[in-house]
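Every chain is named by a letter (A, B, C and D) in the order it is written, and numbering of its residues begins at 1.
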Amino acid sequence: MTRTEGAKVWLIPDGYLPVPPVDSKPYQSHEAICILNTGSQEAHIRLDIYFEDDEPIKDIPIFVGGERTLHVRLDWPEHLNGVRLPVGVPYAIRVRSDVPIIVQHSRLDTSQVNLALMTTIAHPLA
Amino acid sequence: MTRTEGAKVWLIPDGYLPVPPVDSKPYQSHEAICILNTGSQEAHIRLDIYFEDDEPIKDIPIFVGGERTLHVRLDWPEHLNGVRLPVGVPYAIRVRSDVPIIVQHSRLDTSQVNLALMTTIAHPLA
Amino acid sequence: MTRTEGAKVWLIPDGYLPVPPVDSKPYQSHEAICILNTGSQEAHIRLDIYFEDDEPIKDIPIFVGGERTLHVRLDWPEHLNGVRLPVGVPYAIRVRSDVPIIVQHSRLDTSQVNLALMTTIAHPLA
Amino acid sequence: MTRTEGAKVWLIPDGYLPVPPVDSKPYQSHEAICILNTGSQEAHIRLDIYFEDDEPIKDIPIFVGGERTLHVRLDWPEHLNGVRLPVGVPYAIRVRSDVPIIVQHSRLDTSQVNLALMTTIAHPLA
């Protein structure tokens, strides 16, 4: 019932944090990496962030308890061990874990008056 | 023609029911788990809901007849054997079935004036 | 270069045609099944439509030429051999082909003032 | 740490560039193919574009450096070796690479007042 499920490496090519608008809003544009750990053991996870013209930022640590989910906000340095990702710049993400997990990536864009949403299960390494 | 297709376990990391707005609207924010059972036998399904800081809610029963689909509303306790999921809180979902099925997850967000949509096929266990 | 790629059976659990609004608009709500046939041979395809409380509609014929794509409008009976799918009702779709193809499903919803989009690659049978 | 990950062929059936609106806007409708190359070697990639009633356009060259991402704008001929894709016409995409990569496809539609988003990981050849 608590056997571990998923894969240890997941890839997300389309990362992008919209430029925050000047006016304040009830909803902020953001991206989230949603992680599910159905196993009983805590998952020790590392994020690697890839760019178009720069060296990758590697080994950002994330922890997800056994039988827990974590929705990591990519626009919040406090979720990324203090790393602040640039806005308005394409990037891509690799998620590595010591135990199998499941990873989904979503973006909420409020650049204009109404919000837009997109999501996909990340690509697991077989 | 009626052989059973799909997988018996499906995972969805990004669950979130938007906080209902105060004003009434023709469309309510919601999430749905859409299940397809192409086999001839009824599928006996259990939903497990995972949270960030709480123990999971396990074994919510769902039934889908042979050669039928079911679109389960996650904001309707009557679809979840009376379980009311919290709003404004990240969660994740595991779907387990006794026969192979196919699972897709969609969110309709009407937090603002216009609706937004997102969808993905859930992650099947190989 | 023209070897055939993909799978012969694809599944889409979340089908739904929004109820058309009364006022006319430049964009109509619709769903599309987008098929890619990278092989050199014409694909002979059958669609099966599943419902929550009714028997499935099976064997709607579709043809896609070699090295061609086809974006099948699910709200157009002329794309479905004359079959008119009901609006405002959940359904699900199975796509079967005699040669491997690739299938993606998208919905454009214009129920409110602005459009919303969702898409996912369908679930292939391994 | 820099082993190559992903697949060498990826397929995207639902390509469509919305017709640009007459009025100028801060956001242009577009589609992007987002590529992640986690290996250390440059990826030599070819795009093939399939249509409903025309012969495919094949072998558009793309290059992505080792440990880099590239978000290819499909509405920018300068990203497609000078090829200008037609607007308002369904198409589909095949991505071929000499080393394994990961591919995601997204559309931003600003046909109406507010933007809409959709995304999916492309279909990898196993």
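In this text, a residue touches a chain if its C-beta (ideal position, glycine included) is under 8 Å from a C-beta of that chain, and two chains touch if they have at least 3 such contacts.
In this text the structure is predicted, and so the values were computed from the model without any measurement.
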{"item": "Interface sides of subunit A and subunit B: same vs different residues, half threshold", "value": "different"}
{"item": "Remotest chain, subunit A as reference, centres from CA atoms", "value": "C"}
{"item": "Whole-Å gap separating subunit B and subunit D, where each centre is the average of the chain's CA atoms", "value": "30"}
{"item": "Distance from the mean Cα position of subunit D to that of subunit C, given in whole angstrom", "value": "22"}
{"item": "Residues of subunit A engaged with two or more neighbouring chains", "value": "113-114, 116-121, 126"}
{"item": "Of subunit C, residues touching subunit B in the complex", "value": "9, 11-16, 48, 50-53, 55-56, 58, 90-92, 94, 107, 109, 111-114, 116-123, 125-126"}
{"item": "Interface residues, subunit D side, partner subunit A - complex", "value": "1, 5-6, 26-27, 32, 34-36, 38, 67-71, 102-104, 106, 113-121, 124, 126"}
